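Below is one structure, written out as C-alpha cells; the observations come after it.
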Amino acid sequence: MELSAREIATYLNGEVEGNPDVTVSGFARIEQATQDTLCFLANPKYEEYLYKTGAGIAIVNKTFKLRQPVPYTVVWVDDAYRGIATLLDIYATLSAVQRSGREYPSRVSWRAKVGKKCYIGAFSYISRGAKIGNNVKIFPRVYIGRNVTVGDSCILYPGVTIYSGCHVGSGCILHAGAVVGSDGFGFAPDENKRYKKIPQIGNVVLEDDVEVGANTCIDRATMGSTIIRRGVKLDNLVHIAHNVEVGQNTVMAALTGIAGSSKIGEGCMFGGQSGVIGHLSIGNNVSLTARAGVSSNIKDGETHMGFPNMPISAYRRSYVVFKNLPDLQKKVSQLEQEIGSLKSKP
Amino acid sequence: MELSAREIATYLNGEVEGNPDVTVSGFARIEQATQDTLCFLANPKYEEYLYKTGAGIAIVNKTFKLRQPVPYTVVWVDDAYRGIATLLDIYATLSAVQRSGREYPSRVSWRAKVGKKCYIGAFSYISRGAKIGNNVKIFPRVYIGRNVTVGDSCILYPGVTIYSGCHVGSGCILHAGAVVGSDGFGFAPDENKRYKKIPQIGNVVLEDDVEVGANTCIDRATMGSTIIRRGVKLDNLVHIAHNVEVGQNTVMAALTGIAGSSKIGEGCMFGGQSGVIGHLSIGNNVSLTARAGVSSNIKDGETHMGFPNMPISAYRRSYVVFKNLPDLQKKVSQLEQEIGSLKSKP
Amino acid sequence: MELSAREIATYLNGEVEGNPDVTVSGFARIEQATQDTLCFLANPKYEEYLYKTGAGIAIVNKTFKLRQPVPYTVVWVDDAYRGIATLLDIYATLSAVQRSGREYPSRVSWRAKVGKKCYIGAFSYISRGAKIGNNVKIFPRVYIGRNVTVGDSCILYPGVTIYSGCHVGSGCILHAGAVVGSDGFGFAPDENKRYKKIPQIGNVVLEDDVEVGANTCIDRATMGSTIIRRGVKLDNLVHIAHNVEVGQNTVMAALTGIAGSSKIGEGCMFGGQSGVIGHLSIGNNVSLTARAGVSSNIKDGETHMGFPNMPISAYRRSYVVFKNLPDLQKKVSQLEQEIGSLKSKP
C-alpha cells in the first residue's frame, strides 16, 4: 500500500505542509521511522523526536507549534491519535487476509448452522445446535459447545473455547485461549468440611462489539447469565466470575479480576491487576488505578486506588505521609521528650 | 424437567406453605424469577426481593420471618443455600448430556489404556503409556502426555494439557486451558549472568475430587512431586509453582499465585489475587483476604491481610489510621508549634 | 540411568568421601531421598535433613562442615546447586524422548518451510510463509500463523499459539497455552464514548534462548515490535503488553504484568504478581519484590517494593511504622492531652 501526503490529508481532513506528493508505504514509531514510513505525534512527551525522525511524513496536531523547521512533509490534523487510528484501520482493512471456506479436518455438527462467507479452520469443532452468523472467522483449534450462538463478523482466534449455551454478539473478537462459559467457582461445604460442587447451570452472554483478550476467562452464571455489555473491552488474563455484569463500553486492563455477582457500570476504566470483590455495585464512569482492590461500592464518576479502595486523592495524600512515616515517628518521640522535660520544669 | 412444590419439599425435607401442586421448570435469581421458575433466599441482604419476585416457588430458611404475605408458594427448609445446591445437582444430573464413545479424528496411542464408558472428543491426543479410568469425559482438543494416569469419572474440558508423567485422581474436573505439569521456573545463572535451565524432572499429582479452573497452571516439581491433595478447588488463572503442596479441601480464588516449595495446609481459603512467596509453611484453616501477600509462615486458623501479611484485625486497625495519616501529620505539626511556644514561655 | 559416586565426582570436579562405587538411579529432595537416589544440600536451612536422609549419595558444598558422621557417600563440590543442575541436565538429555517426524492429522502449508529432524505433532497447524528451523519440537495442537519464523532447537508445547508475522529465535521454549502476538490493547473513544479498535499491525520478536511460561501472553506491537531479548525467562500467566521491550537475561515470576511501551533493562528480576505501568523506563539489574507496582522510572541496580514503588529499605522502614500506627496515633493523642494540661498550667 502506498499513500501520498495529499491522500492522507484528504482522509483525515488535514492540511499539508511540504511536498504533497511524497508517498509512504508503512507506519513506524516516531523514533524508528524511515523515509518510506509515516509517523505521528500526539503525546508532547515525545516532541524531541519530531526534530530527529527520519520519517517521510508526520501527522501532527494543529495545536502544536514546531520550534524548528523539519525536512519532511507534515500533515496537520485536529487529532493525530485518532488520525493514525483511522489510517491504521484503512491499512488493516486493505491488507487483511480474506479467509473463507472450511479447512479439513474440522468438525461441524450437521445440527449446527453456519452462515455465509465464514472461515472454519482445521481442528475446529462446532457442536450440535450451535448457530454461527455470517462473515465469522473461526481460526484453527476453536471449540464451540452445544447451542452456542455467535453473531455476524466475529473473529475467534486459535484455541478459543466457548462452553455450551453461551451467546456471543456480532462484531466480537476473542483472542487466543480465551474461555467463555467455564463453571463459576461455587461450592458448599458439607459436614466434613468437604466442598460439594454447586452446579453452574447459567450461561455467559457477550453483547455486540466485545473484545476478549488472550487467555481471559469468563465464567458462566450459577443461574441466569454472566453479562458483558456492548462494546466492553477486556485485556489478556482477565477473570470475570459467575453472575457478574459489566456495563457498556467499560475497559479492563490485564490481570484484573471481578468476583462473583458484582455489577460494574458503563464507561468504566480499570487499571491492570485491579480487582473487585463479590456482590458489589460499581457506578458508571468509575476509574480504578492499576492494582486497586475494591471492597466497597463506588459511586458514578469516582476514581479509586489502594486496597481497601479509597478515592485516589485521599489515597495519595495518605501515601505521601506513609513514605515519611519513620520521620513522623521520630518527630513524635522528640515531642514526647520535650514534653517530658517541660513537665519536669519547675 | 418439571418439579412441584411437594416434590421439592420431599427432596429437601421441607414444609410447603401455599399450593403444593404448583410446578416450575427452571431456576432463577430472585430478582429475575418468573412464574415457572424457582428462586431461593439465603442472604438476608436480598430480602426486599422476596416481596417483589415473580417466582412460582421460593425456597426460604425456616428461621426467616415473612413481614408480609407473598403470592407464591414457599418451601421452608433448614438451609436454603444447601437446598438449592441439592436441587441444582438433581437438575444437572438429569439434564447432563450423556457423552461416550470416541470421535474422529482423535489420536490414542495403542500403548495407552482407556477404561469403559469414556468419551474422547475429536482432536484429542492420548500418548503412549497413559492410563485413563472409567467414565472419563475428554472433550475435544485435550492433550494427555506419556505415562499420565487419569482416574475414574474425571472431566477434562477443551484445551486441557497434561504433561508427561503426571497423575490425576478420580472425580477431578479440569476446566478449559488448564495446564498440569509445565516446567517449574528454575534457572541457575552462569558466570556471564545467563540463566541455565535446571531440568524439571518431577511431576504433578492431583488427588481425588480436585477442581482446576480455566487457564490455571500447575508446574511439575524439580524433583519429586507438586501435590494437590484431595478436594482442593482452584479457581481460574491460578499459578501453583514447582514442589508446592496444597492440603485437603483448600480453596483458592482466581489469580492467586503460590511460589515454589511452599506448603499450604488443609481447609484454607485464599481470596482472589492473593499470593504466597516460596519456601513457606501455611497452617490449616488459614484464610487470606483478597490480595493478601504472604511472606512469612502462618499458624493454624489465622486470617491474614496485606503485604507483607499481617493478622487481619491488626491490618485493619493500621489501615484506619493510614486513611487519616494527613490529619495525624497535621496534628503532630500543631503539637510541635504548641510545644515551641510553651518552651519559649518564660 | 545409573551413576556411581565416582562418576558424579568426575562430572562435577568434586571429591568423594565414602564408597565411590555406590550407584544411584534417580534424584530426590533431601527429605524424601531413598537408597538408590541422589540428593543435595545447598541451602543451610535444610541442614537437619543431612543427618536424617536415606539417600545413597549426597552432593554438598565444600565449605560446609558435617557435625556428625553420615552413613552415605558424600561428594564434596564447589557449588552443590550448580552441580545438581549439571547432573539433572545430563539426566534429562539422556532420558529425553527423541521425537521426530510428522504425526497425522496435522496441517503444514506447502508454502511453509520446515527444517530437518523436526517433530510435528498431530492437530498442529503451520500456516503459509512460516519458516521452522532444524530440530524443532512442535507438540500436538500448536498454531503457527502466516510468515512466522521459529529458530533451531525450539520446543513448542501443546496449545501454543503464535500469531502471524512474529519471530521466535533459536533455543526458545514455549509452554502450553502460551500466546505470542495477540493484539495489543489499543482503543480510541469516539464521540459517543464507544471504543474503536486501533489496528495492531506490528509483531513480536523473541530473541534466542527465551523461555515463556504456560498461558503467558505477549501482545504484538501497534507498530514496530514488542521485543523480548536473548535469555529472558517468563514464568506462567505473565502479561507483556504491546511495544514493551524486555532486556537480556531478565526474569519475571508468575502473574507479572508489564503495560504498554515500557522498557525493561537487562538482568532484572521481577517477583510474582509485580507490575509496571506504561511508558516507563526500568534500568538494568533492577529487582522488584513480589507484588511491587511500578509507577515511576527506576535506575540501574535498585530494588523496589510497594505500590507506588519505593526503594525496598524505605518501604520496609515505613511499613514497620505502619504496623504500629494505632500505637503512634494513641501516643499523639496522649501528647495532645499532656500539652493541653501544660498549657493550662498557670
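For clarity, chains are labelled A, B and C in written order, and residue numbers in each chain start from 1.
The rule we apply is simple: a residue touches a chain if its C-beta (ideal position, glycine included) is under 8 Å from a C-beta of that chain, and two chains touch if they have at least 3 such contacts.
Every value quoted in this text rests on a predicted model; they were computed, and no experiment measured them.
*Asks:* Chain C and chain A are one sequence twice: same or different residues at the contact, by the over-half rule?
*Replies:* different
*Asks:* Turning chain A onto chain B with a C-alpha fit: angle in degrees, nearest 5?
*Replies:* Here the rotation carrying chain A onto chain B measures out at 120 degrees.
*Asks:* Centre to centre, by mean C-alpha position, how many angstrom separate chain A and chain C?
*Replies:* Each chain reduced to its C-alpha mean, chain A and chain C end up 25 Å apart.
*Asks:* What positions in chain B touch 2 or more of the other chains?
*Replies:* Only 105, 123, 141, 159, 177, 215, 237, 255, 273, 322, 325, 328, 332, 335, 339, 342 qualify.
*Asks:* Contact residues on chain A for chain B in the complex?
*Replies:* Residues 105, 107, 123, 125, 141, 143, 146, 159, 161, 163-164, 177, 179, 182-183, 185, 187-189, 193-199, 201, 215, 217, 219, 222-224, 237, 239, 241, 243, 255, 257, 259, 273, 275, 277, 279, 293, 295, 307-308, 310, 314, 317-318, 320-322, 325, 328, 331-332, 335, 338-339, 342.
*Asks:* Which chain B residues qualify as touching chain A in the complex?
*Replies:* 27-29, 32, 45, 81-82, 84-85, 88-89, 91-92, 95, 97, 103, 105, 121-123, 139-141, 157-159, 173, 175-177, 209, 211, 213-215, 231, 233, 235-237, 249, 251, 253-255, 267, 271-273, 290-291, 319, 322-326, 328-329, 332, 335-336, 339, 342-343
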